[in-house]
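Below is one structure, written out as structure tokens; comments come after it.
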Amino acid sequence: MDSNRYSRGQQTLERIHGPIGAGVMDALKDIAPDFARFIIEFPYGDIYSRGVLSPKERQIATIASLTTLGSASPELKAHIQGALNVGCTRQEIVEVIIQMAVYAGFPAAVNAIFAAKDVFAELDKNEPPK
Amino acid sequence: MDSNRYSRGQQTLERIHGPIGAGVMDALKDIAPDFARFIIEFPYGDIYSRGVLSPKERQIATIASLTTLGSASPELKAHIQGALNVGCTRQEIVEVIIQMAVYAGFPAAVNAIFAAKDVFAELDKNEPPK
Amino acid sequence: MDSNRYSRGQQTLERIHGPIGAGVMDALKDIAPDFARFIIEFPYGDIYSRGVLSPKERQIATIASLTTLGSASPELKAHIQGALNVGCTRQEIVEVIIQMAVYAGFPAAVNAIFAAKDVFAELDKNEPPK
Amino acid sequence: MDSNRYSRGQQTLERIHGPIGAGVMDALKDIAPDFARFIIEFPYGDIYSRGVLSPKERQIATIASLTTLGSASPELKAHIQGALNVGCTRQEIVEVIIQMAVYAGFPAAVNAIFAAKDVFAELDKNEPPK
Amino acid sequence: MDSNRYSRGQQTLERIHGPIGAGVMDALKDIAPDFARFIIEFPYGDIYSRGVLSPKERQIATIASLTTLGSASPELKAHIQGALNVGCTRQEIVEVIIQMAVYAGFPAAVNAIFAAKDVFAELDKNEPPK
Amino acid sequence: MDSNRYSRGQQTLERIHGPIGAGVMDALKDIAPDFARFIIEFPYGDIYSRGVLSPKERQIATIASLTTLGSASPELKAHIQGALNVGCTRQEIVEVIIQMAVYAGFPAAVNAIFAAKDVFAELDKNEPPK
């Protein structure tokens, strides 16, 4: 195991997703432990740890992609939260999703808006906006 | 016809795609003139003319989405060129596409890289990099 | 705001979806009010208000598309109800979905049939068929 | 082999696609003869031979689905021609495709419009419109 | 009705899915009885009853396809159970899904792993592994 | 750089794709050298080098997935050739593709059959079957 990629990946995962990321990895570990390791090493250790794009730009790209896929609702919610964690505003996240109506169609965008609404409502429940 | 949305859309289309955008609109006009107008009015007049995201951030989102779709090669090439026009570097465009391997799979990312390679080669042919 | 497109869109939305359409728009309004407006203006004000195709033919096309997408279950149910509202029979809706097995595969068609079954069951609960 | 389904399928294939349908079946026969038979028997013998929807309504559904898929350009062109053969007008075909911008996104609709343009141009070359 | 294809399909459906397959067919029968018959006749009577590939190889292909689609969760679960029924191990099923991260992206693979986890947990609840 | 994963990946790439694999990597290297390395390391070094499934079973899964995607024709052809290289027969490859008509629809399967036909014809041109 490449401890370098793995530890770098864990730090990036933690920075983007907080403790929720570790929870998903734990849920994968009993059924597919190598896959949990691959996720930490490749997307987070190899890709998200690279420079060139800012963390915010990377989340914009990811939200665009997950909205376009249409069938990855848990990952979309995780990355909407991740986008907030790295400095995107709610308005920016909503704006990326609206733009996706042009490329992925209105249903994909509408469903992603409702996913964002769920994430924001959950946050407001725990810590009401002032 | 809403001349406001239309003229705003034409300017935005021109800023992103240059004369190539007008060429695609002309090619649509004899078969589906209303659809050509809708494209200028809605994606360009309504969406790309909004604030919140910078033109560069919007192209990042679009390239992510078109790479994810996998089946929109002409539009992907047009927006790779558009991303360069609004200030993305080649390296940033390549980086967005690489990240899509995580969400849309490696074939979608590989094919998008080759689309970018075509766009860059075409540019270098017309105006060789120093 | 183009009051013409907007009011035409509202009427078309109401004709196809009844009060449920307005409910979805309301749910969008607090998080993405401009997007709610775009949905009324573009799909309903610009597209569904055109002639050439009958309202029934438009719903056939939409149910075919949403069944093919596979990941837009709420919209599919809304348009199954919409198809009934503009004069499609239950049998015609089922028939469009069955045909989609050929193009989008059997899982997409089976899941859409079960979506239709849910919509029909909900209707029968409120107003049992004679 | 169910000669009933097969001969019914052949007639329906011929009615929708003319001699081009038989050509595609011939191209499949040397590599996958059973699959060629399945195509005649199931989509054409079982599905397109049913009532409930008119041939025109079935082509509307198919063009909507193939436009939505985005990656089935040869089949889309074959069914655009098929739609003309069963009585759709060019304007109706274009209208179905435009509506798909709402559900499958603008790139899918734009590419389908250009597919229709190719089919219509090919027809006009062979038999110029008066 | 081709009783040969139908009875062959019923046996194949029973061999792969056990009584659950019959349950799905029953749920389809009141709304779309012909479609229930088509499913038994074509996928099970025509396709899964063919030789060339072993039942295990066919399930590998199906799990790969349903993981790639991303939006067919009920069918994926049914075929994960079906793969176990025809002799795939849990480890082999997980391995096919992991490989799909390469082609369909990580979200599609992660969601399919969680679908497998649900199926395995349901089995262990009814009959705990020794 | 993890030389272990990289050299293991190169060997696996060579075993599956022969010299063509190296050619694709070379074509990627000038525009996206890190991505070329990631492809060798992750899909080939991490995934295809694992046990549990036989090389033949892995190609069956990959052909199923690429046929389902529908928009990855170059990769599909590369893996049809790869499947032959690891011991699949032409008939088995065709059979996997036919089965995909059930899950991904007939157009996806038909287009994949024609991709296989192209690969087989190219092989026969270079080395005619006896």
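Order as written gives the chain letters A, B, C, D, E and F; numbering starts at 1 within each chain.
The criterion applied here is as follows: contacts are C-beta pairs under 8 Å (C-beta built on N, C-alpha and C of every residue); 3 or more make two chains touch, one makes a residue touch a chain.
Just so you know, these numbers come straight off a predicted model, no measurement behind them.
K.L.:
Can you name the chains that touch subunit D as well as subunit F?
P.N.:
Touches both subunit D and subunit F: A, B, C, E.
K.L.:
Out of E-F and A-C, which chain pair has the most contact pairs?
P.N.:
E-F
K.L.:
Since subunit C and subunit F are copies that touch, just let me know if over half of their interface numbering is common to both, same, or not, different.
P.N.:
Same; most numbers are used by both subunit C and subunit F.
K.L.:
Between subunit A and subunit D, what distance separates the C-alpha centroids? Give it in angstrom.
P.N.:
Roughly 40 Å, centre to centre.
K.L.:
For subunit B and subunit F, let me know how many angstrom lie between their CA-based centres, rounded off.
P.N.:
Centre-to-centre distance between subunit B and subunit F: 30 Å.
K.L.:
On a C-alpha centroid basis, what's the spacing between subunit B and subunit C, in Å?
P.N.:
It comes to 30 Å between the two C-alpha centres.
K.L.:
Could you pull out the residues of subunit F that touch at least 2 other chains?
P.N.:
34, 38, 42-43, 50, 66, 69-72, 75, 98, 101-108
K.L.:
Pick one for the touching-chains graph, please: line, ring, star, complete, other.
P.N.:
complete
K.L.:
Where on subunit D does subunit B make contact in their complex?
P.N.:
Where subunit D meets subunit B, its residues are 69-71, 94, 97-98, 101, 105-111, 113-114, 116-117, 120.
K.L.:
Which residues, counting only subunit A, touch subunit D once they are in their complex?
P.N.:
101-108
K.L.:
In the complex of these two chains, what residues of subunit B are touching subunit C?
P.N.:
2, 5, 34, 38, 42, 46, 50
K.L.:
Please give the residue numbers of subunit E that touch subunit C in the complex, ascending.
P.N.:
The contact residues of subunit E facing subunit C are 24, 27-28, 31-32, 34-35, 38-39, 43, 66, 69-72, 74-75.
K.L.:
Which of the residues in subunit A come into contact with subunit B in the complex?
P.N.:
It comes out as residues 42-43, 47-48, 50, 52-53, 57-58, 60-69, 72, 75, 91-92, 95-96, 98-104.
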